[in-house]
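The following pair of complexes shares a single chain, subunit A, combined with subunit B in the former and subunit C in the latter.
The block that comes next holds the complex of A and B.
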């Protein structure tokens, strides 16, 4: 039987890291993503179930809940993205669906996205060349949807930096835009 | 002698030496100079030629309003025409050249135009070059463009990059003169997020050009002290070399930061300019005012300048425009200029003041109640002729004349949302009024407060008011003591004496006579006046000329200036490079690309790619020895139909639909029924617009009772998702349905051909039975492949062959295509691209974008019975309109040439075998055409009136554009396997 080997959104075997003065851009590939959306009138029910499954409260609008291993960020009305390590969680959607039952719609999203983390003193200066999100004013844990290089992206403020989620098929274009902005600033 | 016109003082770095060239000659200047100030320092007054008459011209202003001193900067790909010398920061190695002259600035052959000025008046070419009509484009216009114009471009690609960016603030302060600094200081001290944008390369505005003290120190020193405090405040961001060019909706402003314009070339990786979009909660416009001239005969000679500009050159740049200067004024500002020149030892030969009661000035002859009536000096001003109050004429020697006709507040940004400025009699100028951009207040000279003290005070007040509106408490700082001279102006627009030309708009060579001609020919509305004469057009947009033109027209019509009105100011405030507007979205980065999961592998195979939206799809895969794309495509089609072919179909939109009412929802979205689709089955579906026209087709696979996966065409993936989301939220909010796109998450491959099952059986894990019984046509299921990788399998066919689509998580897409090809080796499997895909779907008679073209119905497509009448769906009612259901409505048919060697052209129209060819006899059109390697001839799909009844008829297929005519037989659209036996095998 032929075995399948995964590649990164940038088409490589290993995740890419780009370092600039005051900025590091790290491609993140080892995270699993699952969208969780409450069925009609089930928001309270899935909050309880999510607390039981993940051990964290589903966040409010524009916010995220960040744990040591698993996190959840808000993506729309009564809709969230669960973020966990990929290793051991390839069937995360199935696990979440089993826990949620008919109270939620659960969709595998891991490979729908590419993710680049930005860290460093110039990250806000770089982001202001890329998107109209007020990154300097985003509180820790805040998440917003914004356009970068014409691509619909999530921008997630984390403790030491930002995570940028973009459509996986355009990973090369998004990465190119990030590098150009970094070169422009750093 | 170099820099013979330098005087003492100034804000230049005299320890620096900056070499630059103008028209090939090398000069020196200092850091802090502009190109204009450095040229004046070197006694260069002649800097350009005028637009139409090629009149010699010199610098007129010291700012971005400059109409005359326009030059080409740099060479080669970085050559930039129409650059204003007055805002060009001097740098070592700068190369500047004059423009619109031949062969040289001093000896310009086209200066002959000036001799024919009587023929070249406003609108002359509208009237003159009327006949023959064809000559306009081929002869007249090229000749006129050659003879008249500004600079030229290099036609080379701009080697520099430009950024776009987004900034956010509580308060945007536009301009850093006394009003702007005070506003920024007030807001900064209150802790507000402030952006202070300054067009100049130093802050301070007119504080740098005047000698009046502020808080007991020079204006520039006071500005520096305020800047030091602002720079220490974390919440304040200072953007110099940044022009706010437009006021847009919701407090959003456009601004261009010239990051590297003051360098020979940008630093590596750095942008030349940045176009900022500034999101402000409030804004204070403190853009100052622009001095206006007084027109008189031959007032355009090099050396005739604005009086305030002369003051700026003397006080900021330590340059006098000439060793002998006179002043022509209607207000006290002209006297300021004279006083400042005298203080630097310049010979001021006289002040000509139109006011009979003009004040006297120590050491200078003031000609009260006089006016300048003419000037002399071919390439530079030598003298002016003045008429004294007693009627006497006198010649006054001078190489420069500072003219002051008063000041026009820079109201431009207040008008970008169609605000109309209002007339202020006290300063005889328009001030901001009417409906202004939301959140914008105006302070200082921009609002008609022309003294320094008023500017400081209104700047602070504007900031306090803006912050109060935001709920931020702010206290106005103590106001420093500053000049507060009263307004002293007597309106005076132009000198009526003399038969020669008095220039109103030097950039466009518009004279008082031209305005009189416009009036005579009834172009009296200000908008007509502008278009007829070109007054106020081009790079300066009439900043120094509009008011003069209005004043002349007002006088001619007997109306007041406010009754005459102004033209609308629109963005941009100053010219913006196209590169800045484009930003990084140029060349192959014009838009993002989307790569399929097999992209890397396809590149290795040497695939030819085609853009489909943002996707890059393999079009075909050339093999060694194939010299024409048709060879590759024919091979891919033949081998797929003979054995098996593989195609990346990831680009099709995939929408995950879940919820208790998911089936009911899809029943309303699709024209055909989905409520009873069993779990584990796929169904072809057709979507209609509200008007009954078909707009997309695809499949929906039912993975569970409450879970479907909808596929869309590649082109309509976003549109379908948007429409479904609209329907979910707005049409049927009570339905329990949740949608999310999963297009990116799955790598999906079509495996088509009689050997497709055998191939897949090598990869699909053995517990999944792919036999026809266990997994029949239109089955679907969640499976695993290659030893446990989760996957989805759909038995659907676009090619008409036994076919499957297998989907794996995208990260395995690259490995999956390699595995499919490796497993397919024993079957001689081929990859096929979009061309072979297209050929096979035409052979099968499947509709695609060519057929779903926004004008066709399900009936036209031969799918009329799919529109279920047992249920409601979007478009159902309007699809029943009589006109859409005529008996002779267009029907999808196949066409096959009578002579198999002939080619049916796509887009051709159908006519009966005999009779005339006209729109009236048109029977339909060809939508898709291809060479069928299976049939060995050209085939086509077409819409034909009453097509169902015309099987076997021979028609003419006409392409009148290229004179083509092909006879073709009407056949079934299903050229291959019309009974569908292969796909059910």
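The block that comes next holds the complex of A and C.
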């Protein structure tokens, strides 16, 4: 039998945590991601189906719906990302596709992205050095895509901080950029 | 340069990539009898306007939407921005 072990986007066994004065950068793993995009003229239909499947309303432009377990954030016109714990939702894409049928295109995004959560008093100072997004004025739950270190990243305002999603294959580059900015601020 | 995205508001042009003339929306019918000539014109003939120009931009580092931006090529002033999807439907290209 093959002895396989999962590694984090940064290539380690355990998710990494970097602590600075006034900032904590936490690598977040164990999340299942699925993108959901309405097909032509099917947006209303998938809103109903998503409500039935997830129990939450698909959010409007630049917004997210955050539940205790399930969250959905807006990623584009009639397009959303579903975020859930990986454990117990290994087949999330299949479940969503079955529920949506031909009314939506569903794409497995787990492992396509890495995620770093930023928390602390200096998080806005760090982000304003890294991207165009006006992080200080993003309301709770707001989400936007922006460029960090030449990478297209989602910036998602959570209750206590930010979640930054970047392409997993560039996780080390994104992490490096976050650390560099943090070192210059903290 | 700032592009006033119809959904997201003002965004820096560095978030976008430029494709070209918005007439590219009107792709010829590949099964038409004169498809060869039509595609020649579609691919190679462009109006090179000094003034108002409708062009396709892609919000690559954003919401990944295609936009039709009306820009003055002399002043770079942007007078109108629409989702390319809406323009295409209005012009009879939507399926």
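We take it that the second predicted complex is superposed on the first by the 185 of 186 C-alpha atoms of A that agree within 3 Å, B and C clash if a C-alpha of one lies under 4 Å from a C-alpha of the other, contacts with A are read in each partner's own complex, and residues count from 1 in each chain.
Rule of thumb we're sticking to: a contact is a pair of C-beta atoms (placed from the backbone, for glycine too) under 8 Å apart; a residue touches a chain by one contact, two chains touch by 3 or more.
Computed from a predicted structure; not experimentally measured.
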item	value
Touched partner set for A:158, first subunit B, second subunit C, both or neither	neither
Subunit B versus subunit C as contact partner of A:64, first or second or both or neither	neither
Which of subunit B and subunit C A:132 touches, first, second, both or neither	both
Partner with the higher number of touched subunit A residues, subunit C or subunit B	B
Contacts of A:89 with subunit B and subunit C, given as first, second, both or neither	neither
Partner chain(s) touched by A:147 [first = subunit B, second = subunit C, both, neither]	second
Contacts of A:40 with subunit B and subunit C, given as first, second, both or neither	both
Which superposed partner A:103 touches (first subunit B, second subunit C, both, neither)	neither
Shared contact residues on subunit A - subunit B and subunit C	40, 79, 132
Subunit C - residues contacting subunit A, complex	7-8, 11-12, 14-15, 60-65, 83, 85, 94-95
Residues of subunit A that touch subunit C when the two form their complex	40, 61-62, 75-77, 79, 132, 144-147, 152
Subunit B residues touching subunit A - in the complex, by the definition given at the top	161, 163-168, 269-271, 274, 277, 279, 584-585, 589, 591-596, 599-600, 614-615, 650, 656, 658-660, 706-707, 734, 736, 738, 740-746, 762-763, 765, 785-787, 789-790, 808-812, 814-816, 819, 822-823
Of all residues in subunit A, those that touch subunit B in their complex	1-9, 11, 29, 35, 37, 39-40, 79, 90-91, 102, 105-113, 128-134, 136-137, 149-151, 167-174, 176-177, 180-181, 183-184
